[in-house]
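Quick notes on the structure that follows.
As written, the chains take the letters A, B, C and D, and residue 1 is the first residue of each chain.
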Amino acid sequence: MGLKNHAILLIHCNDRKGLISTITHFLFEHNGNIIDLDEHVEKSEGIFFMRVEWELEGFDIPKENIHSVFDEKIASQFEMEWQLHFTDKKPRMAIFVSKASHCLYDILSRHYSGEWQIEIPAIISNHSIHEEVANRYGIPFYHFEMNKDNKAEVEMAQMTLLTELRVDFIILARYMQILSNDFISAYPNRIINIHHSFLPAFAGAKPYHRAHERGVKIIGATSHYVTADLDAGPIIEQDVVKISHKNTVEDLIRKGKDLEKIVLSRAIWTHLQRKALVHNNRTVIFE
Amino acid sequence: MGLKNHAILLIHCNDRKGLISTITHFLFEHNGNIIDLDEHVEKSEGIFFMRVEWELEGFDIPKENIHSVFDEKIASQFEMEWQLHFTDKKPRMAIFVSKASHCLYDILSRHYSGEWQIEIPAIISNHSIHEEVANRYGIPFYHFEMNKDNKAEVEMAQMTLLTELRVDFIILARYMQILSNDFISAYPNRIINIHHSFLPAFAGAKPYHRAHERGVKIIGATSHYVTADLDAGPIIEQDVVKISHKNTVEDLIRKGKDLEKIVLSRAIWTHLQRKALVHNNRTVIFE
Amino acid sequence: MGLKNHAILLIHCNDRKGLISTITHFLFEHNGNIIDLDEHVEKSEGIFFMRVEWELEGFDIPKENIHSVFDEKIASQFEMEWQLHFTDKKPRMAIFVSKASHCLYDILSRHYSGEWQIEIPAIISNHSIHEEVANRYGIPFYHFEMNKDNKAEVEMAQMTLLTELRVDFIILARYMQILSNDFISAYPNRIINIHHSFLPAFAGAKPYHRAHERGVKIIGATSHYVTADLDAGPIIEQDVVKISHKNTVEDLIRKGKDLEKIVLSRAIWTHLQRKALVHNNRTVIFE
Amino acid sequence: MGLKNHAILLIHCNDRKGLISTITHFLFEHNGNIIDLDEHVEKSEGIFFMRVEWELEGFDIPKENIHSVFDEKIASQFEMEWQLHFTDKKPRMAIFVSKASHCLYDILSRHYSGEWQIEIPAIISNHSIHEEVANRYGIPFYHFEMNKDNKAEVEMAQMTLLTELRVDFIILARYMQILSNDFISAYPNRIINIHHSFLPAFAGAKPYHRAHERGVKIIGATSHYVTADLDAGPIIEQDVVKISHKNTVEDLIRKGKDLEKIVLSRAIWTHLQRKALVHNNRTVIFE
């Protein structure tokens, strides 16, 4: 299946009358056929959000000029924060992983079966155990041994590597290291983590042990963009599963793995579709 | 809480370029502030659906002229099927009920607590047992005794009553009579039924008995608009609940009641928000 | 439908070999027909839990002696904590409520339709607004006006009333007052609260506002036994519903009401079936 | 992690007084420590079901004699249908697969990470495309080319192979061939299929297309034991996911894949734990 030749605009700005009319008129007058349009107004703050996807075939602004034309004609006058994406460019995704394999394997099997239109130029790990599976799938594997003294140095090397590989966004597929603020700020809203609890409950370490101890009847998993505030970034996707008194901590871990991998993969899908916008530590997720 | 002074347009027509731009420009040039806009294109059929809600305050077309202006300027040239609603007019809802009380009580408690902005001019039943509760809530109760011979006559009387009471739409809150096609066609997409199964499984009678017999692990409820085809109208809302081998048919009935009343009430909410559009026996439900 | 003539034993004690054999043999030798048996061993603590229900018809120990015989023959030698219940005795349930009506109405409609085999000798409130609905259902209503100075006094009066009315257990149906430890300790594991969040997330006040602010994608409700530790008692039942960025705080409150009433009513059902055992601030809930 | 040294009895027979007492007494008098006991009485038919798991360490009947002793002392007198399993024996599972890879990959990643205690002596397919992944995981791959003329012959060869490999049970991981009755009857309640709909809705071919056409709001997946009656065998596990009008058939297929693999894997887990009993085309699933 070939890649579609569409453009996608993600916009947010202060709300005012005529925004939708202005933007859709701009696309119409340049002969753009809108495939999908979603908008949302966050009334409490007066912020307007929009995602619009249109066909480039027949659109009379050359692809390489769309950015500058839209900026000049529309974005600048409304003081928009905005992104422009083209669907014919495969995003480059790096996977960070520690020992747990379930999210990694789930991602790889989707990649291999062509479910996602991405490139994976690197699997990066603080352990070497997943090197073999990376090789099997033909994905370069980078092992960075970490100890309590070399963290800054390792992160520097990782960031250099990510730049060289032109990585667009990063998946923390149960990566058990805390990233520094410098690292995080280099990839704003472009690092996706999976946390094994229904945040904000049980943020931090050992959530299944704490869920068991508390006697909750439902456990969850949460995928979110990583911010400097641990486990507190904007939430992309959550889901839950019922448990009972019969379930040991090991059962919670086993059931949770299925949640984690599905929730993380849904979040990646949403990100890839350019359907997640972030404002004030919350997301607008267009379906 | 006062009623909002908004207008809502529901539209569907053949898809073509410029529809959103044209409609939003129309609202903008008449100084309408869009509160909410949703659109959907059903690609397989090339049909465009849209719901747009805007503030009437400041809108420079007088309320009583909006219909004719929109028709002339927009709807007629695009051959739209469309509806115009005003949020300051409370819809008038009639409830049809037989013996089961759970959906009726749930509706009445919502009405009484002000959750919905509606008027309920009639509870209509083929039994008299709910007359007392209707009286308690101050709602006129109409008892139509039915037997195998008087069905046509009763329906005629009911339709006369509904007309006199200026009823806008009808809820079948576990009403165990099958309506005639004449009756149904008088209220197209304005009769909402709740069926006690996850349609299309177990359409028809005794769905819980059949679910138990089949040994399913999940039961459901389905709310849909009534069409001439029994239990086959366009689905508005569905939900499910897990069951186990421990559950008897009586347990399914008990668990199912909670599903039925919640699913029906969500469907009513969706209808009241004017967020359900129907085309080709399927619904577009804007969230 | 008449009440069944069954007995139910709820037991927990240190686990050891032969417990099930001993108990079931005791019932068998006295000609008891077991209707339902559930057991659970909490391995981490070595605690055995059991619920067994049997028919009293044909059982050769007179009903009034079962307690003493079981105590002497079985319970004392195994140092059991245990309860004996008879299904032909309707439990007496008091409802505490403040202003919100959805849980109260839901309980009353179930009671009225005969879903539960209970008596409701009192609705108790710090407001008078629900007096009318109590009257309609023929349930005595007690209004205790509360201010910051009379709390101890009011609680004393309430406890006296509950004793006079021989109340077995209490439902806090969105009762917005914090009970004193003295009150709580008079009804251990017999006060059921509904909290409008997915505990332990958003314990305390205004959970929907906090959920909205945090940008979660799922909200929940939790029913638990009340302990001295606010919103931290043993959890009986939880459920959740998906939300989106489109939902305002008001939408969360509306959606949450449906969760709250269903979750609370399921917890009451579980309690009435004598299927909830409590140990170390957690519940064993037999299905 | 070593395998546990437990025995598991699965029993069903006509209900009568004293069954639990007799069985648990038998285990107790032979010094067996019960780890887990579940029972269920299907009242409408008067059938008793039981699963009991106990430690073999200290049990004073030699492992190789348990079958004959239990048969003589208990099973024969109560005319039980029963099975005896030992947890230290890894079941041997064959996977049948056609082109779709998601269920296969999910199973393999669980197997590889040690989630299940099984052996997989064969992946069998009517296509060769999964040979490479089988090789990667070191699992023998058998390709049986099928056409409309050689079906009987291929099945014969497959059955011979399964016998040679001492296969205990079979997973149809989206295997798109219909098995003959002879094949099915050789593995009663030991062939597990995943169907990509919420059965009994949309049995047969192309369920996602039919779900889309019908406009349902929820899709599901069903894992069941295979019987001669297509898609109508006893259901082990079902789950569902919400969809909307926005979802194309392709979206349903994509969302459904996640359901299918999770539901199938849960069913396999249940089967491996010996927690599924079958009677009258329905299952008792002990949690």
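Definition applied: contacts are C-beta pairs under 8 Å (C-beta built on N, C-alpha and C of every residue); 3 or more make two chains touch, one makes a residue touch a chain.
As the structure is a computational prediction, the values presented were derived from the model and not from experiment.
In summary, the chains found to touch both chain A and chain B are C, D.
Two chain pairs, B-D and B-C, are compared here, and B-D has more C-beta pairs in contact (counted per touch definition above). Among the other chains, D has the CA centre that is most remote from the centre of chain B. Each chain gets a centre from the mean of its Cα atoms; for chain B and chain C, those two points are 36 Å apart. Computed centre separation for the pair chain B/chain D is 42 angstrom, with centres defined by C-alpha atoms.
Looking at chain C, residues 244, 246, 287 sit in touch with two or more other chains. Of all residues in chain A, only 101-102, 105-106, 109, 112-113, 115, 136, 244, 246, 254, 257-258, 262, 265, 287 touch chain D in the complex they form. Every residue of chain B that touches chain D in the complex is listed here, in rising order: 40, 42-44, 198-202, 214-218, 220, 234-240, 244-246, 248, 281-285, 287. Per the touch definition, chain C reaches chain D in the complex via residues 17-18, 20-22, 24-25, 27-28, 31-39, 41, 242, 287.
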